[in-house]
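Each of the next two complexes has subunit A plus one more chain, namely subunit B in the first and subunit C in the second.
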Partner chain A sequence: MIEVRGLRKSFGENEILKGIDVHVDTGDVVVILGPSGSGKTTLLRCINFLEKADDGVLTVGDMTLDLKSVRKKDIAAVRKRTGYVFQNYNLFINKTARENVMLGLTVGRRMPKDQAFAIATAALDRVGLSDRYDHYPSQLSGGQQQRVGIARAIALNPEVILFDEPTSALDPELIGEVLQVMKDLAEDGMTMLVVTHEMGFARDVASHVIFMDDGVIVEEGTPKDIFNHPQHERTRQFLRRILKGEAGEFGGSGI
Partner chain B sequence: MFNMEFARATMGAILREGLPATLTVVFWTLVISLPLGFLLGLIRFRRVPVLMPLSTVVISFFRGTPLVILIFLLYSALPDALARLAQIHGWGIDVYGLLLGSTKGYAVFICSTFTISTMAEIFRSALGAVEAGQLEAAHCVGLSTAQAYWHIVIPQALVSALPNLGNDVIGLVKGTSLMFYMGLKDIMGVAKTEAGPAYAYVEAYVDVLIVYVVLCFILQELFRHLEQRLRSYGAKG
Partner chain C sequence: MKFFDLSYFIGCFSKLMPYLPLTLMILLIAMAITIPLSAFLAWRNLQGNAAERGLIRLYIQVIRGAPFIVMLFVVYFGIPKLMLALFGIDINGWNKASYIIITMVLFQSARMSEAMRAAYLAVPRGQMEAVYSCGMTGLQGFLHVMLPQTVLVVLPNLGNLVLSSLLETAVGFSVGIIDFVGNARMVTSRDYGLHTLEIYLAVALVYWALAVLLARLFGLLEGALARRQGRTLSGRSSERKGRRAARV
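Take a look at the complex of A and B:
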């Protein structure tokens, strides 16, 4: 479905991604774990051309692109097939929840207004915001804003959705509602590539887990492989540190 | 003694003749300066090659020149120089008639030079105040950069530019009071004309003061309401 080969990216002298290979099959939920600064977010941003990669090959469906030399047309084509959910939501602050979801349909895809209206309404219903259609982002909680962000992505019917730490900016009591929406999406068969620190979500929902550190993939496997039998010392250290932090929650949240 | 009678009569003249002239000049200056200032601000924000350094020179000049000097340069020096040029090359154009035929028109031209310059900077900084994530999100839902600017970035920038635009418009209104130097019969011009023969400058200036204060207060409230209305999306609750 979506595949990255040999992805490299530097900011100045600082090499952030040192040759990354990722493969996501249709219906997979691939979770990327790793400490801050390991390059997880940059990886997602390069896939959607929010950053320009220095080297690598990207395959989305039947399209294969050399990331060194992409054209505007290719970028538009990839974005048409991928959804993106941001860490800090990035809802359009001058648009209501429903307008946020509609804009990509009416302007990006030139869909008639009434049709886009129906799709946007259904997408907001799907994330449990049937009573918030006409609210502006400033009138919504963080969890509600992020659910609008997810509705905005799914309304465009993407083949894969990229999630960039979707719960990192949320108050702890709001994380659950967003994870639940993501879990529902996964159960409906949505293909997802998720950067997160939510170990419970990785363990229960992921079909494949990737552990990144310092710009490389240290190890990957099923959640069971990574959580129960980590092969590398760096992975073990990371898991110990994170799981100690959420000792009470891990295994108990049900998500 | 303060001549109340004279003050009242002069106030009448100011409101009949001067105020409409001031408002006309301000209105047309805004009609010209808002779109051009925005365009220039956009050029500067997007760092368009060639136009960017060019605009820096022009804007620095018009923002840095005192208004009185600007009036002298554009009203006296520029037409003189052009007339000389026309004479030398035998163009047979009546430069003075062409440029200075309408005092109001030329006042609008002068006011526009510095208003475009200040507004370009206001719009440039307002565009910079829009979060980068807004443009990224627009790209991710399939909008082109032009579409993203039209639907997301520019509407947000206009709202955040409003307080500074309000200040700029009030500055412009007061700036027009110097246009009497080039013979414009605006609020100040009418007051001066009336005050001269009677030698009642105190009365005339008090009239001028009152008219400007009231005018600027109205403008200030107008902008405040406009901002409140347009910013409704940012309201908590």
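Take a look at the complex of A and C:
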């Protein structure tokens, strides 16, 4: 379970997040939608302390933190319990796929090498990369890199994984393989908070959908609520624009 | 008189070579100090407070504007006076080689620290974010992710700077150091200036051979490191980039 309450974040004069509440129950998949610049990335970054929030309360499992005054050891504890999948994968360029997955275990958690090796191998198998253990990021396609990114997150056995537009840097024909891995994870009961523009994924996989705009949550509910009966004009506009683009450009993303 | 005396040319190497070790020693000591000092300066320039950064940038600017030989004279005449005035220590007995070593350290550390800083900044920002999100500390990320990548980027520049340091050793004679070039000057005058061309061509040939050797050494080192990081030297540009989403 992960929850934020009253999350606020400004960059200089600009208030980017204006009091955000998000709750993800264990085993749930919450999808965040919203136009570019609405603060989705900033929200995930604040949860993982890649950005320092100005105000708010964060709960992960049995741990509750006041974001105004966090200590180093709290940050480490939260990061230990959350995984993060980046838009641009951010694989360690100097490490093979398996080393990418192992590093957080052997170095971050001081796990013995052979144990980490086994976990990393299993994680790569799980994302369908059994034939790519020893490839470097530069030798992998975008879709494969992102699947290594997901394997790297799950290997650390987090309570929740944060996904920031995991497929938006990918060529259209590679999106499906990444979404399939995420769908499998969801079916296995992984708790996930996902920022995405993939409406098919939101509709089929999400237990709860949040629509954000301009630093606030405009509307939230089940996928049915949001897609079939959006209450706010801003939501309707956004959906119209995205769904039109999808039909025209991708014709659905293979999921 | 012959324009070029080949047998003298061949014979003069034996008079020159005994002084080469001193020149190499000067280079070696200077680099052994310069490289860690540059790394320290680059680190403080990147992560230090405003005062540290300001001071280092001033240092770099000042040093980069001074010709090497002028700096050598300033060091040679300035440091003994400074030591005497500040600490009352008489260092006129110092080995003269220490002056060129000091000058080389000052001269190259400004350049090298900038090369290191640029190389560090060339590593994508996302690498450290991935480090943190995987539950590692800044130091762990530096050692396992940033440092290996930074070293690979900086190596070609480092090689060039060490090479230019090698060439700078040649002006040590101007403050009276009897090293490779200093000795060559003595040999020319001992032979009544009759074979100046042969001697300096021999000196040039030795420097050239050392330069080739050094370049080859750095090339090998870079190749070995690149292989360990899964990169071929020409292949670095072939890294695939996914279609980047529109940036905010």
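FYI, the second predicted complex is superposed on the first by the 248 of 255 C-alpha atoms of A that agree within 3 Å, B and C clash if a C-alpha of one lies under 4 Å from a C-alpha of the other, contacts with A are read in each partner's own complex, and residues count from 1 in each chain.
Everything below uses one rule, namely that a contact is a pair of C-beta atoms (placed from the backbone, for glycine too) under 8 Å apart; a residue touches a chain by one contact, two chains touch by 3 or more.
Predicted model, so just to flag it, every value in this text is computed and none were measured.
Novice: Look at where subunit B and subunit C land on subunit A after superposing the complexes, then choose clash or fit.
Specialist: Superposition check on subunit A flags a clash between subunit B and subunit C.
Novice: Looking only at contacts as defined up top, I'd like to know whether subunit B or subunit C touches more of subunit A.
Specialist: Partner with more touched residues of subunit A: C.
Novice: Regarding the shared-chain residue A:Gln145, is it in contact with subunit B (first), subunit C (second), both, or neither?
Specialist: In the superposed model, A:Gln145 contacts subunit C only, not subunit B.
Novice: Now for A:Gly108: first (subunit B), second (subunit C), both, or neither, which partner does it touch?
Specialist: Touch status of A:Gly108: both partners.
Novice: Should A:Ala76 be classified as contacting the first partner (subunit B), the second (subunit C), both, or neither?
Specialist: both
Novice: A:Asn94 contacts which: subunit B (first), subunit C (second), both, neither?
Specialist: In the superposition, A:Asn94 touches subunit B and subunit C alike.
Novice: Taking the superposition on A as described, I'd like to know which of subunit B and subunit C A:Ser168 touches: first, second, both or neither.
Specialist: second
Novice: Per the definitions at the top, what is the overlap between the subunit A residues touching subunit B and those touching subunit C?
Specialist: 48, 50, 76, 79-80, 83-84, 86, 88, 90-96, 103-104, 107-109, 136-139, 152-153, 156
Novice: For the complex, give me every residue of subunit B touching subunit A.
Specialist: 131, 133-134, 136-144, 147, 151-152, 155-156, 159, 232-237
Novice: Name, in rising order, each residue of subunit C that touches subunit A in their complex.
Specialist: Where subunit C meets subunit A, its residues are 124, 126-127, 129-137, 140, 144-145, 148-149, 152, 228-231, 235-236, 238-240, 242-246, 248.
Novice: Please name which positions on subunit A make contact with subunit C in the complex.
Specialist: 36-37, 41, 48-50, 76, 79-80, 82-84, 86-96, 103-104, 107-109, 135-142, 145, 152-153, 156, 165, 168-171, 174
Novice: Note which residues of subunit A are touching subunit B in the complex, please.
Specialist: 48, 50, 76, 79-80, 83-84, 86, 88, 90-96, 103-104, 107-109, 136-139, 152-153, 156
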